[in-house]
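Only one structure is covered here, and it is reproduced in the block below.
Naming follows writing order (A, B and C), and every chain is counted from residue 1.
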Amino acid sequence: MRSRTAPWVLLAPFLVLFIGTMIVPIIMAIGYSFTRVERSGLLGEAGIRSVFAGFDNYIAALTNVNFLQAIGRMILFGAVQVTVMIVAATVLALLLESASARWPGFFRAAYFLPYGIPGVIATILWSFLYIPGLSPIVDVLGAIGLDVDFLGPNMVLWSIANIVTWTYTGYNMLIIIAQLKSIPGELYEAAKLDGASSLRVALAIQLPLIRPALMLTVIFSIIGTLQLFAEPRLLQTMSAGITSEYTPNMSAYAFAFQYNDIGMAAAQSVIIAVAAFLLSAIALGVSNWTEKRR
Amino acid sequence: MRRAMKPRLSRRSALVGGGAALAAGLAACAPPNSGEVNAAPTIPAADGKVHLTYWAWLKDLQKVCDVFNASQDRIHVDATWIPGGNSGGYAKILSAIAAGGGPDIAQVELRQIPEFALAGAIVNLSRYGFDEQAPKFDPGALTQAQVGDTLWGVPQDTGPVATFYNREVLEGELGLAAPTTWEEFRETAGAVSEAGKSLISLDPSDGSHPIAWAMQSGAVWFRPEGDGWIVDMTGEASMRVAEFWDGIFADKLVGTGYGSFTTPWYAAAADGKVLASISGSWSDALAKTVPDGSGKWAVAPMPTWPDGYASGGHGGSSAAVASNSKHPAEAIEFLTWMCTDPAGIDAMIENSGIGWSPAKDYIGEVRKQPDEFFSGQNYNEEVIVPMAEGQNLDWTWAPLMQRVQAIVGDGMTTAVTGEVPLADLFADAQTEIVEIMRTIGLNAEEAR
Amino acid sequence: MSTADATTTARRSKPLGNAARAARGDGPSGRRDAGRKPTTTIIVTAILAIVAIYFLVPVYWVVVNATKSTEELFGSSGFWFGENFQLFENLKAVLTANGGIFPRWGLNSLLYSGVGSVLATYFSVAAGYALAKYRFAGRKIVYGLVLGGVLVPGTAVALPLFFLFSSIGITNTYWSVLIPSLVSPFGLFLASIYASAAVPDEMLEAGRLDGVGELGLFHRLSLPQLVPAIVTILLFQFVAIWNNYMLPLVMLADEKLYPITLGLDNWRAQTDRLPEFYQLTVGGALLSVIPLAILILVLQRFWRGGLTEGSIKG
């Protein structure tokens, strides 16, 4: 006889914490996004009031040039970086799992290592590799005549992309490898009997069967892109190209904690959350649709 | 086994429950405001021992506080280190105060003071008789902590701008002199540039430089009038600065890849490729870390316009009394000591490496000597004192300087490439800033 | 997500010995044999080696440069040692700076990550198990709620959470970072997927017939089946908490409560004014990379083996 209360008992600690630390604050944030502060007097000393602002904050956010540019930037970043990273992770996974690889354990460990290095520290390390005067890479490139400025306004976005790719490729690769290992051996046997080359095996058997893992990694990577904060913020002091509203998340932080405009910050955060939700839904939908077509 | 009678979760009751929760959530949803401490009665000095907390990013501030703590036993001050204001320190201070807590004293850069006042986060010091201490302070420091007639912070250091330059290369190797006027600056920068070096290198996204240039030129971007603000970024004083620098950028006479005292700057300075920095007086300590630079550098006054001021202000902090403090009177007593008493000033210079002293007539014992790094020059007395005395005393900071600096900085990056010249930037920024001021609820107008 | 796919694959591979061995990743023997030509091996290994260099360069850089003084940091090439070797002086400086604050930061990180990940794993596995193995009203709502929560960016939550915590008076305390770290939505999904594949209903029914209570079923029968998922979630949550920057940034003012990430960021922020912090930052980075590197390397074996048993990923 199934108990009615047992599942709720098991769920309780998680749910209580989840609701307390995520749901309640989100509701609060939504509430803030509909308010605005009004002041009278030179410095507000004659009165400060919070008033209902309707959709003003949302309209202001969506017409703010900087915020829109930040969103555009993230779309570009995501499109390129996520693709490069997932492709690299897949290729590396396939290579490592192929019979032609020596010392797969060592390589797997080497590729996964960056994941354990916190974004803050990874950025500090890479910044030392980007700063002219400190960076041996810049020196080496300079010696062969290539003058690269990793922190210049045109390149810095891709320098950030590099840090993110470096950190997460190994992690995504391991997810894909796990799914690869679940492919039954007899499929490979059959392919070998048919005389299929490694490439054919990869394209016809492995890629389709790792689709769920690919979907998972793509979705989490998209969400990660929309939350990009630590890396650009740390590079901000070193790069003329990074403004205080460079990514949508940085913009929300700036409005909340620097300009003290909580209503606007909340509106921006809500917009970012909705965008994350939509993009993930689209990714899932696309995946299901292509799946059905096969 | 008895089956417990559990009411089934009907859709309706779920919706009603959810709706109620949502409504309650939204109702509690106005973000907390700092109270209106400056409308409430002032808090009298306490009897008995008082304990103060001080949040700042100054190095080793506790040692300075300990000098004070040892000298009397009514007031005990404890310092807590927080990250630099713009690196998260201000966020901490403001959110702690908004939530009802926070320190008694907080380090607030001079240009941020009106913004903190606007957030209701700091105490109006004039209400506590701080004006009586005014004669002890350097006017250039004090006016930066003032809005209209009201004093909002105790200035702790300032950054009068001067030129810190590599004498050995500039004078010795290239046979040029440190520029005394902006015209000379243009010529010298050109000559240096032809020799394959840069006179200075700017970080275009750093809005603090244009502001210092505008101050020196005589501009007053933000003028409080009545209970509103007049924003004037397009007056003659501002425009000549804009046009001058547009010319410099167009002819590429200065470096624009990185700012002074950044890692690439140090590497270039050590190599003799970047020759100078025109920045606040605190640059002396930073210039001293140029590898192998001892005896090769010197200090000269900031280049000037034919009229206008001798120098502008670049940086500088104050100590503000936070609005949740229960002991503003004692805080002011401590801070006056720290910022005007020779013992306090010397302790701050020795331990915390502050910028220029805010005390009138006392620059700090160690700063009265000639300095070996700067070629034996007694630069503090000879150069910086006149710079500090020649400041724009009309300048007032606006209650949204973080945004202003971001707008100017972001704009400078396009000015450097020539896309949007500074002349246009100042005009656009003026309009944008007035808009923003109105959105945050202030009366603001563009100057006619 | 194709939970169905994963479970079908799981059921199919169990009875076939060969495939089961393959699924365990027992090496290339018994698996498909792609005709190992020596040239292919060389090419593939070369590619893998070049890629490995890319991933290891920053680690190499920090090891080499932690031995230098500040001038040498700027003066000598980043890829090789300088003239002086002062690794131990630098490390000593890091460990004693500011009254020994760095070891304190390390302990703080261990506290937040260690306690946080253990409890988060326990709670999320319990919750995931409940969602997978019980049918009850509200199940889909809980799934949807948690999924929605995952998608919200940290900034949206940080500020209101700060206000929430300060009304209870726990900001600037260990709790303010620990409590939010106890929630792992990813863990819930992983546990739920894993539980539905690895904990057979028959086993649970048998347990019930034997008179074991529901909680007993969970703790005594199911948890052992879920060990690979537990290890995975533990590792991921540990790393996630260790890496978290925004939460402690917002919640903590007192330096003594900082985790290493925040502490090192502060040192780095001071390099603008006080160049001696460059050395400290590099040394600190080295010290903070090492323990996590070891942890990752050790747990990587578990993780790899674990997830392939019962072959999950969906």
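In this text, a contact is a pair of C-beta atoms (placed from the backbone, for glycine too) under 8 Å apart; a residue touches a chain by one contact, two chains touch by 3 or more.
Computed from a predicted structure; not experimentally measured.
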item: Central chain (distance from its CA mean to the mean of all protein CA atoms); value: A
item: Chain whose Cα centroid lies at the greatest distance from that of chain B; value: C
item: Which of A-B and B-C has more C-beta contact pairs; value: A-B
item: Mean-CA-position distance for chain C and chain A (Å); value: 16
item: Separation of mean Cα positions, chain C and chain B [Å, integer]; value: 40
item: Euclidean distance of C-alpha centroids - chain A vs chain B, Å; value: 34
item: Chain B: positions in contact with at least two other chains; value: 31, 88, 91, 95, 262-263, 266-267
item: Multi-chain contact residues (two or more partners), chain C; value: 74, 159, 163, 250, 265, 269, 272
item: Set of chain A residues in contact with two or more other chains; value: 1, 4, 24, 28, 32, 133-134, 256-257, 262
item: Parts of chain B lying in touch with chain C, wherever the complex brings them together; value: 8-9, 31-32, 55, 59, 80-84, 87-88, 91-92, 95-96, 98-101, 261-263, 266-267, 270, 282, 285-286, 289, 291, 353
item: Contact footprint of chain C on chain A as seen in their complex; value: 1-4, 6-11, 13-15, 17-18, 20-26, 28-29, 32, 92, 95-96, 98-103, 106-122, 124-126, 128-129, 133-137, 139-140, 166, 169-170, 174-175, 177-179, 181-189, 191-192, 198, 201, 211-213, 215-216, 223, 226-227, 229-230, 234, 237, 249, 252-253, 256-257, 262, 265-266, 269-270, 272-273, 276-277, 280, 284, 291
item: Touching residues on chain A, where the partner in the complex is chain B; value: 1, 4, 24, 27-28, 30-32, 34-35, 37-48, 50, 60, 66, 131-134, 149, 152-153, 238, 240-245, 254, 256-263
item: Residues of chain C touching chain B in the complex; value: 70-71, 74-75, 137-138, 159, 162-163, 166-167, 171-172, 249-250, 253-255, 265-266, 269-270, 272-275, 278
item: Chain A partner contacts - residues on chain C that touch it in the complex; value: 1-2, 5-6, 9-10, 12-13, 16, 18-19, 21-25, 28, 30-37, 40-41, 43-45, 47-49, 51-52, 54-59, 61-62, 65, 73-74, 77-79, 122-124, 126-127, 129-131, 134-136, 139, 142, 145-146, 148-161, 163-164, 179-180, 182-183, 185, 188, 208, 214-215, 218, 239, 242-243, 245-246, 250, 260-262, 264-265, 268-269, 272, 281-282, 285, 288-289, 292-293, 295-297, 300, 303-304, 307-308, 311-314
